[in-house]
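The following pair of complexes shares a single chain, subunit A, combined with subunit B in the former and subunit C in the latter.
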Partner chain A sequence: MAACFASKWSMAVSRSLLGNLSSNNLGSLGKPQDLTSLGYNGLFFQQQLRTFIQMRTKLKVVDNSGAKWVRCIQALKGRKGARLGDTIIASVQEAQPRGKVKKGEVVYGVVVRAAMPRGRCDGSEVKFDDNAVVLVNKQGEPIGTRVFGPVPHELRKKKHLKILTLAEHIA
Partner chain B sequence: MAANALSYSLAHISTCSCSKKLSPSIFSSPPLISLTPRRAPLPSSSLDALVVRFPSPLSRRFRHFTASAASDNSVEGEAEVEDAEEESEIPAEGADVVAEEKPPRKPRIKLGDIMGILNKRAIEASEKQRPVPDLRTGDIVEIKLEVPENKRRLSVYKGIIISKQNAGIHTTIRIRRIIAGIGVEIVFPIYSPNIKEIRVVKHRKVRRARLYYLRDKLPRFSTFNYRSCSVVLSVEVNSKPFQRS
Partner chain C sequence: MRLEKCWFCSSTIYPGHGIQFVRNDAKIFRFCRSKCHKNFKMKRNPRKVKWTKAYRRLRGKDMTQDSTFEFERKRNRPERYDRNVTEETLKAIKKIDKIRVAREARHHSMRMKGKKAMERQAAAKELEQDIHLVKAPLALQEDPSLTLPKIKVKVSHPQAENQMEE
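Take a look at the complex of A and B:
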């Protein structure tokens, strides 16, 4: 009982500290994953509740455009952040020496893998183990010529068909 | 228990005017009576409507149990087959009684049972379309899914079941697999009409119900390749359904 109270208090403190940035609240997520009861707050930190891709989120780049890591600076569409299939504006943090983009460039990207589960219309959910992005230009066409790793079906609805054709595997 | 059962059956005969078929079958099928005290301990002075209504959902459920047993071709003894034939008369009456009485919600029906009944009905309806095998955590499973976005052919998803959440018609399983180097977890509602086939390929011995530890382990523990039996070249095909020992 004391441990439960302690975890509740620490969670409340951490929630207030994190403030708006983390948006770690139930309302945004809808159905909590793998929780037995909403009341027991201690379970929140046993299963990682993955949230949106927002400012300062590091994402892996999975095409051969030259960049390795980008940091999200803005999620277009979505007050709380970007999800699977959304476009973001990112700043290149690390790049390969001879690539199409250089370090420090501001680029657009399409999120192709997200650790946050995305619900589909038939009731299923998809979730990947990492956050990954494919760099695109302003018109939505990918800068690179290859895409590595699996990509979800959601890109079809978002009209990123070029990325789908380049993809290795469609999950 | 016996006195209760006797008073119950007497109440049946005296009150049921519309269900004349009920009385002879009640006498000839003792298992039905023995179920009722477990489910609803009614005093013998209970209301007529309650008494009339209560056996109907039960008998309907009984009918469905035995009907599904028959359809699965599992041999369970002739007593149950006889019961199915006798009680097939009951649900014709019982279903009418329940269907007529449901829209005007009289407070005598136990509201707590209705969701269970609806869920069971929905599961039975979906089982008729496509029977769902017995799935447990640790099964390595292959799912063929028809996705409206991917209109061409059925998508195949393979992987290990890392959790199963039971919620009636929205019972879901979580499949994990390493695809192209990245771990992917997909949650499938197993009674969904989009799922065309679920087949258990193997079983891995696990000692818990949720295998979330697989997320932290090496990727090779979540890799399942070359397991599908759909491609047959020169390998002997094992056509028996997977039996869990």
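Take a look at the complex of A and C:
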């Protein structure tokens, strides 16, 4: 928990510094007053701004399709980026030696965990600890046969029922 | 619709409020407002934070065991809708709340029971020990040469009256 907390801080710093590298600038800035309204750029008491999943976002792969992590190339549907439950096109960055996908392949994925809070229809918000994706084919069926970790209810509305049945815990 | 409890402060979270955080080990943390959420992110232990129910229950400031708490336990089996049952439940909720509030008030008064006596004792002790902060010590010791000795004079009323009449 402490390790991922430290990595969150460093990721926030790197994201704010690399904000202008990505094409979707508006999405990455979010609420600018949080960063500049403090007199000092103190990292410790800044609010973590979690934003969309956009180009060059690294995502963890939580199925057994063979890939370890992917980098988002394109968020289908969404000018600012993908959110929880959306599909993305990604490029496999690291893969296990004998898997269904190889490094460098361009694949489709469904975002099953996003650090950015997503509003639910009852008015509350959900957010997860990290950004994770399940690789699917063009028709939306998962490539792997198992899904690890919790998945949200939002997949039901997006008609990713196969992923829901494979999931071990539905948040 | 379900009324949840905030993980940090144990207050009820009504629909439309709060944030739910799902950790990767599938543990769900629900927070009623950003105050609790921020305290959680700071990794504070609710058992050590004074305004939470967890702290108060731990230190015996609030009731821990009572039969009225049994009515609010989480039930996972859905009930078939029955209008009469719903009516009775609503009436029961009001009554149970009243009883619980009365019991909590009693618990509080039991907790504060010896307070007046202790306050009086503390005040007496303070008067004895710290009176020099208010009155100068010389003023407290009355100098015997300055005050005249007390003489008792007998006043004879009837003689005075006779003289007045004459």
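Quick notes
The working rule: the second predicted complex is superposed on the first by the 126 of 171 C-alpha atoms of A that agree within 3 Å, B and C clash if a C-alpha of one lies under 4 Å from a C-alpha of the other, contacts with A are read in each partner's own complex, and residues count from 1 in each chain.
Note that a contact is a pair of C-beta atoms (placed from the backbone, for glycine too) under 8 Å apart; a residue touches a chain by one contact, two chains touch by 3 or more.
Model, not experiment: these values are computed from the prediction.
Once the two complexes are laid over each other on the shared chain, residue contacts for A:117 go to subunit B and to subunit C alike. By the touch criterion stated above, A:81 is placed in contact with neither subunit B nor subunit C.
Once the two complexes are laid over each other on the shared chain, residue contacts for A:66 go to neither subunit B nor subunit C. Using the contact criterion defined above for the overlaid structures, shared-chain residue A:109 touches neither subunit B nor subunit C, since it reaches no partner.
Contact with neither subunit B nor subunit C is seen for A:142 once the two complexes are overlaid on the shared chain.
Of the two partner chains, both subunit B and subunit C are touched by A:127.
Of the two partner chains placed around the shared chain by superposition, subunit B is the only one that A:157 touches, whereas subunit C remains out of contact.
In the superposition on chain A, the chain among subunit B and subunit C reaching more residues of subunit A is B. The residues of subunit A shared by its contacts with subunit B and with subunit C are 113, 117, 122-130, 149-150, 168-169, 171. Against subunit C, in their complex, subunit A makes its touches with residues 5, 48, 113, 117, 122-130, 149-150, 152, 168-169, 171.
Note for the complex: subunit C touches subunit A at residues 1, 13, 15-24, 26, 28, 41, 43.
The touching residues of subunit A, counted against subunit B in their complex, run 34, 47, 113, 117, 121-130, 132, 148-150, 153, 156-157, 168-171. Subunit B makes touch with subunit A in their complex at residues 147-150, 155, 163, 165, 170, 172, 179-189, 192, 194, 210, 212, 215.
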